[in-house]
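Note sheet for the following structure.
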Amino acid sequence: MIKAGIIGSTGYAGNELVRLLLQHPETEIVWYGSRSYIDERYASVYRNMFRLVDAVCLDDNMEELAKQADVIFTATPQGFCASMMSEKLLEQAKIIDLSADFRIKDVKVYEEWYKISHKSPGFISEAVYGLCEINREDVKKARLVANPGCYTTCSILTIYPLVKEGLIDPDSIIIDAKSGTSGAGRGAKVANLYCEVNENIKAYGVATHRHTPEIEEQLGYAGGCEVKLNFTPHLVPMNRGILVTAYAALRKSVSEQEVRGAYEKYYKNETFIRLLEKDVPPETRWVEGSNYVDINFKIDSRTGRIIMMGAIDNLVKGAAGQAVQNMNLMFGLPEETGLNQVPMFP
Amino acid sequence: MIKAGIIGSTGYAGNELVRLLLQHPETEIVWYGSRSYIDERYASVYRNMFRLVDAVCLDDNMEELAKQADVIFTATPQGFCASMMSEKLLEQAKIIDLSADFRIKDVKVYEEWYKISHKSPGFISEAVYGLCEINREDVKKARLVANPGCYTTCSILTIYPLVKEGLIDPDSIIIDAKSGTSGAGRGAKVANLYCEVNENIKAYGVATHRHTPEIEEQLGYAGGCEVKLNFTPHLVPMNRGILVTAYAALRKSVSEQEVRGAYEKYYKNETFIRLLEKDVPPETRWVEGSNYVDINFKIDSRTGRIIMMGAIDNLVKGAAGQAVQNMNLMFGLPEETGLNQVPMFP
Amino acid sequence: MIKAGIIGSTGYAGNELVRLLLQHPETEIVWYGSRSYIDERYASVYRNMFRLVDAVCLDDNMEELAKQADVIFTATPQGFCASMMSEKLLEQAKIIDLSADFRIKDVKVYEEWYKISHKSPGFISEAVYGLCEINREDVKKARLVANPGCYTTCSILTIYPLVKEGLIDPDSIIIDAKSGTSGAGRGAKVANLYCEVNENIKAYGVATHRHTPEIEEQLGYAGGCEVKLNFTPHLVPMNRGILVTAYAALRKSVSEQEVRGAYEKYYKNETFIRLLEKDVPPETRWVEGSNYVDINFKIDSRTGRIIMMGAIDNLVKGAAGQAVQNMNLMFGLPEETGLNQVPMFP
Amino acid sequence: MIKAGIIGSTGYAGNELVRLLLQHPETEIVWYGSRSYIDERYASVYRNMFRLVDAVCLDDNMEELAKQADVIFTATPQGFCASMMSEKLLEQAKIIDLSADFRIKDVKVYEEWYKISHKSPGFISEAVYGLCEINREDVKKARLVANPGCYTTCSILTIYPLVKEGLIDPDSIIIDAKSGTSGAGRGAKVANLYCEVNENIKAYGVATHRHTPEIEEQLGYAGGCEVKLNFTPHLVPMNRGILVTAYAALRKSVSEQEVRGAYEKYYKNETFIRLLEKDVPPETRWVEGSNYVDINFKIDSRTGRIIMMGAIDNLVKGAAGQAVQNMNLMFGLPEETGLNQVPMFP
C-alpha cells in the first residue's frame, strides 16, 4: 500500500483527492493536512466522509509528513509548496504539487503573473509537468510533479494535436473557457456566495488570468515556437465542470479528415480522452465525477477557422484525478488504477 | 458473472443502474431495454456512457430477455411489470421491479391509488418488499422483489425504529418530503423544463401522492397497527436527493437517550445507514452518488413532538442502489458489493 | 416627496428596498447607510444600480440621518435598532425596523430566543407589528413599526384566518418552511457559498429558530390563546422565495366551504393576497419580484388534517415590500403605491 | 391607450411582453393569442398573472386581431408572421415581429439559414430592423419592425462602435455567447428538462446558428464591408441573461482612450446602454429584469486583440423590452415609457 499524505486536504480539490484515494485499491491516507481546521475531525469538515474517515486534521507540516508518507499531495495556495521544497523532502517522498509553483519553467514568467517571488527556483527544472497524456514517460521517473491547472489541462489537451501537427496558426489561438464554481475554492468570499453566482455568468481575469502563461508554454513546446494567445475564463453557476471553446485559423486546405487524424494520432489509445463523434459537442455533464476529457471540433469553412471544444470535471481530470493518474505512473501502477469512475448523470 | 437485463434502461433510474452495474465486479449487462429508443445506441441516449457501453437499445421484451438473464430489473411505468409477470418468467430469472406494481400487499389499495387494475394480483403475495435493512432475510430467498419507492425508502427508514419501539404515536405522523427533479423522470413535460423548476419550490400531489399507502402499509407492519399519515412531497431545484422531515408526537417521558437507543438498536450495524451526531441535520449533498441514508432527530420538548430527518440520493438508495443491494442479497453476494461509492461533493 | 434613509442598505434586503424606493413615485432616498462599505459608491457594491444611484455609502448613523429623513428603514442585525432607539429619534422621523428588535412584545421571550439583552424595552409597547393585512389601522398611526420576518409573514398569513375563526386546533400546528438563500444574507460564510448550497437541501435551526416565538405570539393574539407550534426552516438552492407548508388538525366536521369562507372573510379585498383556485398549490416562482402572498389549502379527510400552503418573495413581502407597504400606510398613501410589480417569470 | 395584441403570448417572450405591457402606462392588451392554449385562461398558463389577467387565450388569428389592435406583437415560430403578412394588415395595425422573418434583408440568406421559403419577400425591404439605438429614426416611421434576436442584440451593440469607427479588423471577429435557458423556449423537449440543463454547459449550433447572418449583415452595414465572423452560442444553467464575449484584432496603435471614445460617441446618451467603468466586466445578474445593456472591453496588448463584452436580459432587451421600446418609438412616446424597471438582484 502506498502511504499518501495530503497537504491542504480541506479545500475542494483536497476533498476530491480523499474521495478518489479512499476508493483506490493501492493507497492509504496517512495525513489529512489543513491549516484552517487543525484538530477538527475531517468528517466534521466534510460530512460526506462521515464513517469513512475517522482522522483528525493535522497541520500542513510537510517535513513531518515526509517521514511517514510515500507520496505527498500539496493542494495549497501558490507559494506554499515552493517555500517548503528541499532535497531532503524529495529523498523521503515523492511530491505531487497541485499548485502552480512548479508548472512554469521560466521563473520570471511565474513571478510576473503570480506576483510572488519563487522560493525554490532550483527545483523548477527537475519538476515534471504532469500532463500524463503528453509527458507520461517523464512522469514515470519523476520525484516532483507539477500537476497542471484545471483550465490548462482542458485547454492544452483540446488544442495540442493541432499545434503539434502544425494544422493551425499558433498566433491565432483564442480560448474562451467556462468553469463551475468549485474552481473558485472554499474560501469565504462574498463573490462566491450562492446568491452572487447563481443566475449569473461573467468573465473574470480578462487578459490577465494566471493559467495563460502555463498554456502558452506547453503549447509552445508542442509547436516548437513561441505562442501568445487569448484566454478568457468565465464563472458558470454549476458545481463542477470546465468547458473550453477554442478558436484558431486553420492552415489552408486542411481537411476535416486531417484534423480528425491528428487527434486520433495522439489520443486513439488514451483511456481518458474520448474523441466524440462528428457534430456531438462536448458537455460537462457527460464527464462529471470521472477522469475523462471529451473533445471534438468543427471547421467553419466560411471563416477558415476551426472551433475546438473540450470538457472535463475540473476537480477530477482538472485536479485530483490527474494527480492520482500521476501517482499511478510514478509508482508503476496501471495508469487507470482507482480512476474507473463512470460519469454520473444527472 | 451474473447476467443482468434492464427493462426501461433509458430513464434516469435505468441510467443509474447502468452506472452501478458497470462498476459491479460480479455483473454483466446483457440487455438495455427501452421502448422509446429501440435500435439507438445506448451511448447516444446517455453520452456519459460513450466508450463504456457499446450496446444498442432493445425492446422492453421481458420474455426474450428472461431466456438470457439471471436477473431482470424493471424500471418501467406502473402496470408494465404486472402485465408481464408469469410463473415461467420467474422460473427463468429473478426479477427486481423498480415500479410500484408489487409493493402494496392490498391490491384494492393499489388500484385505488394508482387508478389501474392490477394484471397479476396472484404474484403480489410472493413478492418481497425490498427494503433490505428491514426485510433482508426474505429478500435473500425471493424470486420477485418489489423495490421500494424513493420517498418511501427515505420515509420508512427515518421513522421505522420509533414506530417499531412504540416511542411515537402512529396517528400523529406527518411527513414533509423534498425531492430533486430526477425523481420526476426524463419525460418531455413542460412542468419539468429547466425554467419551470429552477428558482422555484412547490408542493405537489398534496394528500394524494401514491407513495402514501406504501409508507402506511410498511409502518403499519412495524407498529402492528393501522397507520394513516400525511405525506406531502415537494419539488426542489436540484438534480438528486430526497430529504424527509417527519413529525410525530412523542410518547410521554420518552428521553433523547431512548430515541437514540431505538435507532441504534436497528441500524447500528447497517453499512448504509449513518445515524448522525447530535444536532447535525442530514443534508442531501452528503450522500450524493452513494447508497447511504443519513438520519437524525430532534426532540422539541416545548411541543412534545419529535422531528425525524433522513436524506438519501433518490437514484441510488431510492432506486438503483437499493436494487443492486437487493440483487446482492438474492445472489448470495456480500450486500455492499459494487456499492462502495464515496459520496461526491460538491 | 418622502425623504427616506436606509440603515444597512448593503444587505440583500437593503438592496431590495433601494430597488423598490427608486420606483416609488413619492419617495427619495437621502441616505445609504452601511457599516461595511462606508465611502464606497453604492453602485460599486451593487452594480445593478450603476447609473441609477450616484450616492456614496454613509455610516449607519441614525441620529444624523433622523435630522434629514422623514422615514428610516433599519435593515440591520438584531440589537442595533434597539440600541439606537430614543424619543428624540421618533420625534424626528418615523422608523420601520426590519430587524426583530421590536417584534416580540414579551421582552423575556425576545431575550431568551435571541440571546441578547434588549436595550430599549420601553419602546416595545409602542411599536406596531407591521403585518399590514392584520394590523393596518394601528400601522397608520404608528411612529415605530416592527416589520415582520420573512418566514413569519408567510406563516402567519397562511394560517391566520383558520386560527382566528377557530377552525383548527392551535396545539396541532406544524410549520415546515422552505426558503431561498437570499434570506441568509450577504455575509461571507462558507455555509452560504455557491457550492455548499447548490444541489442540496437541509433543515436548520430545528426546534430553535428565532421566528418561532414571533409566529406563536401573533397566532396567539388571533386565537385568543397560547400557541406552541413546531417550526422547521429549510434552505433551498434558489435565490428568492419562501414556501410554507403548514399542518393542523381540523376541528370536527369543518367543511372545505367553511375553510375557504374563512380565508375569503379576511383576504377577499386584500390587494396583495391571492387565494388560489382549488387544487392549485402556491409556488414561489409565481410571486417572484412582487409583493404577493399566494395561499391555498387542502383538506385530508383520511387524517382529519388540513394542509395550508403559502408562498412569498422573501425579499419583497418578506422584507422590503412589506416595509414600503407599511410606509405607505404610515404616510397616508394608497397602500399599493410603488408596489405594483408584476411577478417576473421565469 | 394603445391597443396591443400578442400573437404567441404563451411563450416565454410572450409572457414577458405581458409583464411589461401590464406595467406600461399607455397600453392595453386586447388579445392573448396562443395556438397551444386556445380557450384556456391566460392566468392558468402563467400563474404569475393570476388576478392580473382575466383574459382567455384566443387563436393566433392576425386578421381578426388587426381589426381591434393598434399594434400587434408576433412572438411566433419562424415563418408564421411572413405567411400572414399583407398590405391590408399593415394598414390596420403596426406590426412588431419578434421572429426572424423580416430581420435579414437578403432573402436568399434567410432561406439558406432557416431552411424555409419566405412567404412574403415583398415586405422585407419595408421592414425596419428594430435595433433602436442604431435605427431609431427609421423605427419611428415604420409600419413593420423586425425585432432583433437576443444573441444579435447583445452581439451587435457590443461590437458596433468599433466596426463603425474602423478600430477593429472586421475579418477577425469571433463571438462566444452564453445564454440562459429561457432562450430555448417553453417547448416540451428532453434537451431542455431541468436535469439535462442543470449542472452543465455546452456549445450548440456551432458554426451554424441562425443568428450568425443577422449579426454579419448589421455589422456589415456599420463597417461598409462584408463581414464573416464566428458565432458560438452556449447554453448556461440559469433562467435569464445573455453574455457576449467577443474577440477581434485591434487596428495598430489604437489606444484604450480611442476605444472608449468610440463607445461613448455612440452610446453616451443612450438610456439603456451602460458603458461600465474600466476593468468591471459585464455580468448578466446586474441587468436581470431590465432593458439595460452593460458593455465593457479590455485590450490585450500581448496579442493585439480586444475583448469586447456585453450583457443583457434575453427576455427584456433581447426580446420583449426591445419590442416595447420599438413600440414607443413607433407611437411617438418617450422611448423609456414603461421600461424603467430597476434590475432585480439577487
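In order of appearance the chains are A, B, C and D, and numbering begins at 1 in each one.
As a working rule, a contact is a pair of C-beta atoms (placed from the backbone, for glycine too) under 8 Å apart; a residue touches a chain by one contact, two chains touch by 3 or more.
Everything quoted here is computed from the prediction, not taken from an experiment.
Novice: Which of B-D, C-D or B-C has the same interface as A-B, meaning more than half of the contact pairs match by residue number?
Specialist: It is C-D that repeats the A-B interface.
Novice: Between A-C and A-D, which chain pair shares more contacting C-beta pairs?
Specialist: A-D
Novice: Call it same or different for chain C and chain D: same when shared residue numbers make up over half of all numbers used at their interface.
Specialist: same
Novice: Using C-alpha centroids, which chain lies at the maximum separation from chain D?
Specialist: B
Novice: From the mean C-alpha coordinate of chain A to that of chain D, what's the distance rounded to whole Å?
Specialist: 38
Novice: Suppose each chain is reduced to the average of its Cα coordinates; what separation in Å results between chain C and chain D?
Specialist: 37
Novice: On a C-alpha centroid basis, what's the spacing between chain A and chain C, in Å?
Specialist: Measuring from centre to centre gives 46 Å for this pair.
Novice: Give me the residue numbers in chain B that touch at least two other chains, ranges are fine.
Specialist: Those would be 12, 182, 195-196, 198-199, 237-240, 283, 285, 288, 346.
Novice: Touching residues of chain B toward chain C in the complex: what are they?
Specialist: Counting only chain B, the residues touching chain C are 174, 176, 178, 180, 195-196, 198-204, 206-207, 228-230, 232, 234, 236-241, 243, 245, 247, 281-285, 288, 298-300, 302-303, 305, 307, 309, 311, 346.
Novice: Residue numbers of chain D touching chain C in their complex, please.
Specialist: Residue list for chain D touching chain C: 12, 15, 18-19, 22-23, 46-52, 182, 199, 239-240, 274, 276, 280, 283, 285-290, 294, 340-346.
Novice: Going by the contact rule set out above, which residues of chain D touch chain B in the complex?
Specialist: That would be residues 12, 181-182, 186, 188-190, 192-199, 237-239 of chain D.
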